[in-house]
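Below: one structure in structure tokens.
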Amino acid sequence: MALLAGEVDTDVREELLARYRRIRGETEQLVDPLSAEDMQLQSMPDASPTKWHLAHTSWFFETFLLRPHLAGYRQFDPDFHQLFNSYYNSLGTPFSRPHRGLLSRPHLDTVFAYRRSVDRHMAALLSADEWRPELEYLVILGLNHEQQHQELLLTDIKHAFSINPTMPAYSAADDDGESGDEEAANEVRWLDIAGGIYSIGSEGEHFYFDNEGPAHRQLLQDFRIASRLVTNSEYREFIRDGGYREPRLWLSDGWSWLQKTRASHPLYWREREGHWYQFTLAGLQPLRGAEPACHLSFYEADAFATWAGKRLPTEFEWEVAACLLRQPDQLAVANLLEKRLFGPVAAAPGQPQFLGDLWEWTASAYHPYPGFRASEDAVGEYNGKFMCNQKVLRGGSCITPADHIRMSYRNFFYPHQAWQFTGIRLAGDAV
Amino acid sequence: MALLAGEVDTDVREELLARYRRIRGETEQLVDPLSAEDMQLQSMPDASPTKWHLAHTSWFFETFLLRPHLAGYRQFDPDFHQLFNSYYNSLGTPFSRPHRGLLSRPHLDTVFAYRRSVDRHMAALLSADEWRPELEYLVILGLNHEQQHQELLLTDIKHAFSINPTMPAYSAADDDGESGDEEAANEVRWLDIAGGIYSIGSEGEHFYFDNEGPAHRQLLQDFRIASRLVTNSEYREFIRDGGYREPRLWLSDGWSWLQKTRASHPLYWREREGHWYQFTLAGLQPLRGAEPACHLSFYEADAFATWAGKRLPTEFEWEVAACLLRQPDQLAVANLLEKRLFGPVAAAPGQPQFLGDLWEWTASAYHPYPGFRASEDAVGEYNGKFMCNQKVLRGGSCITPADHIRMSYRNFFYPHQAWQFTGIRLAGDAV
Amino acid sequence: MALLAGEVDTDVREELLARYRRIRGETEQLVDPLSAEDMQLQSMPDASPTKWHLAHTSWFFETFLLRPHLAGYRQFDPDFHQLFNSYYNSLGTPFSRPHRGLLSRPHLDTVFAYRRSVDRHMAALLSADEWRPELEYLVILGLNHEQQHQELLLTDIKHAFSINPTMPAYSAADDDGESGDEEAANEVRWLDIAGGIYSIGSEGEHFYFDNEGPAHRQLLQDFRIASRLVTNSEYREFIRDGGYREPRLWLSDGWSWLQKTRASHPLYWREREGHWYQFTLAGLQPLRGAEPACHLSFYEADAFATWAGKRLPTEFEWEVAACLLRQPDQLAVANLLEKRLFGPVAAAPGQPQFLGDLWEWTASAYHPYPGFRASEDAVGEYNGKFMCNQKVLRGGSCITPADHIRMSYRNFFYPHQAWQFTGIRLAGDAV
Amino acid sequence: MALLAGEVDTDVREELLARYRRIRGETEQLVDPLSAEDMQLQSMPDASPTKWHLAHTSWFFETFLLRPHLAGYRQFDPDFHQLFNSYYNSLGTPFSRPHRGLLSRPHLDTVFAYRRSVDRHMAALLSADEWRPELEYLVILGLNHEQQHQELLLTDIKHAFSINPTMPAYSAADDDGESGDEEAANEVRWLDIAGGIYSIGSEGEHFYFDNEGPAHRQLLQDFRIASRLVTNSEYREFIRDGGYREPRLWLSDGWSWLQKTRASHPLYWREREGHWYQFTLAGLQPLRGAEPACHLSFYEADAFATWAGKRLPTEFEWEVAACLLRQPDQLAVANLLEKRLFGPVAAAPGQPQFLGDLWEWTASAYHPYPGFRASEDAVGEYNGKFMCNQKVLRGGSCITPADHIRMSYRNFFYPHQAWQFTGIRLAGDAV
């Protein structure tokens, strides 16, 4: 006997609500170790306060779902429309980004009340008569948006804590008895991929961001790619060899960045009496040689690759390699948010390291795929307008939720930015 | 019967402890309307978070009294030595000033615990055997220092709140039924003072800051001085007359400041549909014409005076006039912190307006008095090193404690700064 | 009868010397209208003084040919090695770029003496026994480098003159009797190109820059491309329609650039009493509607395309279209340096406008082609290290020498830069 | 027999014309060693190109004398009114100061033609019927203005040359056979001056700038003052003792300036293989220990004085001491412009060193004297509007003309500026 359409729809809506509750709850779990004072911090214009993330993700649901689609909905607080708009200029002038840390009001408990109110109304919308199946996409977009902010709120609080000389810890240290420098990293293996025409990007039924499509064909040449990420040991060798002082290794803009910032090591590395440490979400920890080198700018990634006689992969090479080489249970084994390690780990011997651990800088500029069109409404500002001056990163990180990442997922940051969990995978032309 | 020396001393110490408790308690009363999130805010490098003020004032007692003078004292937290040092370079490199707002840790309750611990130990020191009468000066210095920060924490939170589009209120509005523009300001009177040699500055038994001495003689010419501060009505006239657009009225640096900031009105004035409002500690309020114009930079004060065909008084003229013209009960009638008005009020008819309401910009650069010597120890960094590029302000404001202000008190700020409660009194040469 | 190898070689060397003299002479002809004072100007860090261009191009021959390859050669002046090094960090620290305008010494006549000395020694090298055929590439590279600086010296002096309120003219105005606004631009036609695998880039015997290779295959989708550049009339329409005030039309970085620069029209447009003029190498001239709009940043080009419902072509689409659509005598008819018009002209009716007039912004980031390797010596710094954050421009301009431009030629600038002769060609997906 | 008024007047006018010609000729002599290219340089916004000085000084005569007072006078070039206005906002918006170096046009020969034309018309005005005795003040003001620019053009070209790695020389070195470090500086003597009421400032018949008046009385305390300027040896000792690294020696703003500039020695000192040199108008020269230390900022002067346990004199102390201690022929023996040494020299044994050599930083802020009123017309912008944020310097320098300097002369610069010939004289309170 065939199910009635209404029943099917009800199942979909129930599942959607369950997923909504799980992901929204996950966000609140993640902020649990933080105080109201912690959640107020904004350490640079690129970062936002935790409290702002909590409110903005709710604003997204209120703005794109509740206000236009739930009959009789009244705004929780009309001021929030401006305060928690991130960058949707078509919805009015957002509150100044570098000043988000100055919004002590609304207080944190009001923001939590806002979340609860939005959640209540979202549940109402999901069972309302006016529900239309087309809204499903917007709900799922909102949940993916929420997951992006789960990641951002952790990297943002990490940056803020790194400024405090007392180096606060967000989480407990991973005391697995290994002392860093003794571990040997497993050897890198070089995987050869044949050139040809490959299909790139997402299409079909499952959710993906607009920037992952249209799916299209790319012509690749033969190339090789490393089985794992560059390690702290390898990166330390680059430093020892004078990598930060040799202009020939650097892109011209990278060299200028180096002169301006006077950087001589990765963002969170600290030298204490001849030993390297790094600031982590568990506070200051001894540097472990076998772990992937992290919090690197694109400039550092590119200079390292040049020093190593290699190059970074293009995003197309990355996607093809990752799809070809992944394990059947890659998402399950990968070091993603669910593992709650909050930092990258050494690659497992004999296994390719794809997905999780660190976002991998690619050689590719963040450009629209052929045929890309941003949607005409406000949601259209989501991705398209950032397609200039940024680099694509692939693969997710140790703080990306497993049901958020995909092989076709395109993250993007400016070449100088290093406060995300970013790392390096090397590639090369076929030999 | 004569008291024994010991008894006298005990009285002094008890009085000192009572005063200590009163002033420290006053600070905590003042922060009562603020949440932990509010107290985290730092809206510009010139300002500090409330929490930082609470900790720094305690650090002062710990650093200059408890650690050197209380036997067996152990630091509350060794990290605090760096975190809450303001600018005493001789005590080590202070934590970066523009980043004070990023210290979510220590949490507010830890800072209050720090205060209580310091208070307990201060009480112990004041009754300890090792007490020496010479310490009295340091205690009183610490209390005056605390009072300076009482004022700063209010101006700093006012600035931080002014960035928030919801314009939070620190205190309740003063609803006295008057509607601003209708009030007539009482007429300004011109008070003539004869030139001659006057004694300037403080000396003797009562407390004064080192910058108020040595007392010395100054030769003044005949001058005249206004009986009250410039009002909002008068300042609005200056704006209407194009004052912000006429370069001839401005100092060269003032005109540059104007080009850079694009200022066209005082810092906290806001125009809404043709009416002027101003942001106050009670939120946004209609501008009242009879009240003194406040939150003006020196550049604005000087341009206004030029426009009015007058000039600002020198700090010597101000001190001489204020001493000659004050009422017997000036401190009692003046609008100082104890009145809890948190804003300036119109001058009372027929009475000179001296002390309280607003700090008054003088024409004088902040220079050492003849014979001034900074003390050789760390406390010597208190005042002397700021004697360059700043202007002297006199008279205290509506948020200055009554037992903190004196006719010889010299406050100082840079000419562009306007986030303090600053205003204008006009002067002129004898006619 | 077969020619002896030596004779062939002699012919090659004679031809090379003739070409050397022609191109070096061309540079000096171009600076003829300029005084020593003009040639001293540097109006921004991106630009260089004419005198510096004259010296640097000579430095290139001295450094890469005379010093390593001419026996017994002594440097003209050892200081010049640092002063006129542009960005070859592997040759030592170049003199600070933003300060080139402060090198009054060497005087212009010394720089001309330097040129004559280099020319004399280059002639000697070209007839010397130690000549080796491998040097031919370096000579031709040096001549192409000289031609790049011919273009730069004109755009740099144009920018410098534009700062002078008297708007000096470099050349005589083109008085062809037309008054700008009356001319009708010929209609744009849309040319459809079928997708497929195309060969891109240069290889083979003729000269090309390293960034034009390796030649390789690109897979393109069907697309369409405009027959001519966007005109002043069309761009004025964009302005009239509020294009500079509508955030939805702009890339996020473009909108930030707009807020910072407060731009409301192209770099050299000036409004006078309701009419548009533009600053040209012939001074201030009325804007002519049918002429291509020029001196646009990538941000403006992209926003215009979005407003027009189109997009910019990729560099691959451009190259394919230009090769397919060119006239047999395209180089001869194109508006290149030899025409001495010093500005773009309206497209000829019925003819596609490719090559010359204006450099055309493409949608493509400046990236290495697959398999690209920078050479290991100092000349390797020529192109590769700039392959980040810049956009590819194609087609040459009204001040590019005809024997310097190619369909595969890749120029590159940052998205905000507009002081080159840059313009817009629209493209779109197949309909 | 009494002279007729007309005859007297003719004499005055002839003398004035002779003086005009002498001073204007002096300017042209001073620029004689410079090429048109040199005269184009502007190395920082504080400095101006030589050519601009040549034009601006002529503009002054044209603007304040010829245009308003010579019947039928027509401007040499109407554009010059904007181009060569320095800062007289009441005459229109001056051409952007930081861009003066970009005015290649008018060419130098045009600027010389402008000078000749202005000179011719000034001669005409001086013999014209419409001459009025009141104009004499303006002519003399214009000549003093010209002399100020004689000094500025030399310090500005010195700064510009200092950027050039070839370190061009303006004048021949003073080869007097002494090698710097061996010379013993003559011992400093301490001169005691009794306190009391002194007359300060100028008044009467001779020319003085408005800022030197009104003459008025100042009450001074007993003080002592050094007989000569601080020498290079003494300053080197300050450096060796870690003076640039000890925050306690510096004003708070001075320490910030040090952190920002990373200064570790005076502006023009250069260390080469363990020896100190300094850049002079005769190029790079070994540092001579007995010569006065020069090109110091106020911050450096103040820190040195603190290190030495002394202080800087106030401008009143300086004026009183200089008047009391001067030799009868002080102007004749002093190292002023007429000596053409272009640098300071060691104090003559046994003689107080007052006037010439170096401008001496005083402790005094640049403030109006009591009763000062700027004149209401455009000339009124000459001095008054700069009376904020600057420090008074006294005494003239090795490049100040002898008939330009006076004991009452008040020069003024910002505390961070060091490109003028500035130095240090120590003072102290009476012991």
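Order of writing sets the labels: A, B, C and D. Residues in every chain begin at 1.
Rule of thumb we're sticking to: a contact is a pair of C-beta atoms (placed from the backbone, for glycine too) under 8 Å apart; a residue touches a chain by one contact, two chains touch by 3 or more.
Here is each chain with its UniProt name: A, B, C, D = Ergothioneine biosynthesis protein EgtB.
Small disclaimer: the values here were computed from a predicted structure and weren't measured.
Enquirer: Counting one step per pair of touching chains, how few steps separate subunit B from subunit D?
Expert: Between subunit B and subunit D, the shortest chain-hopping route counts 1.
Enquirer: Which chain lies the greatest distance away from subunit A when centres are computed from Cα atoms alone?
Expert: D
Enquirer: I'd like the Å distance between the centres of subunit B and subunit C, where a centre is the mean of that chain's Cα atoms.
Expert: A distance of 60 Å separates the two centres.
Enquirer: Indicate the whole-number Å distance between the mean C-alpha point of subunit C and the mean C-alpha point of subunit D.
Expert: Computed value for the inter-centroid distance: 47 Å.
Enquirer: How do the chains pair up in terms of touching? List each pair.
Expert: Applying the touch criterion to every chain pair yields A-B, A-C, B-D, C-D.
Enquirer: Would you tell me which residues of subunit A are touching subunit B in their complex?
Expert: Residues 35-38, 40-41, 43, 51, 79, 82-83, 95, 99, 101-108, 160, 163-166, 168 of subunit A touch subunit B in their complex.
Enquirer: Can you check the complex and tell me which residues of subunit A touch subunit C?
Expert: Touching subunit C from subunit A are residues 87, 89-90, 197, 216-219, 221, 247-248, 250-255, 298, 302, 363-365, 367-368, 370-371, 381, 385-389, 415, 429.
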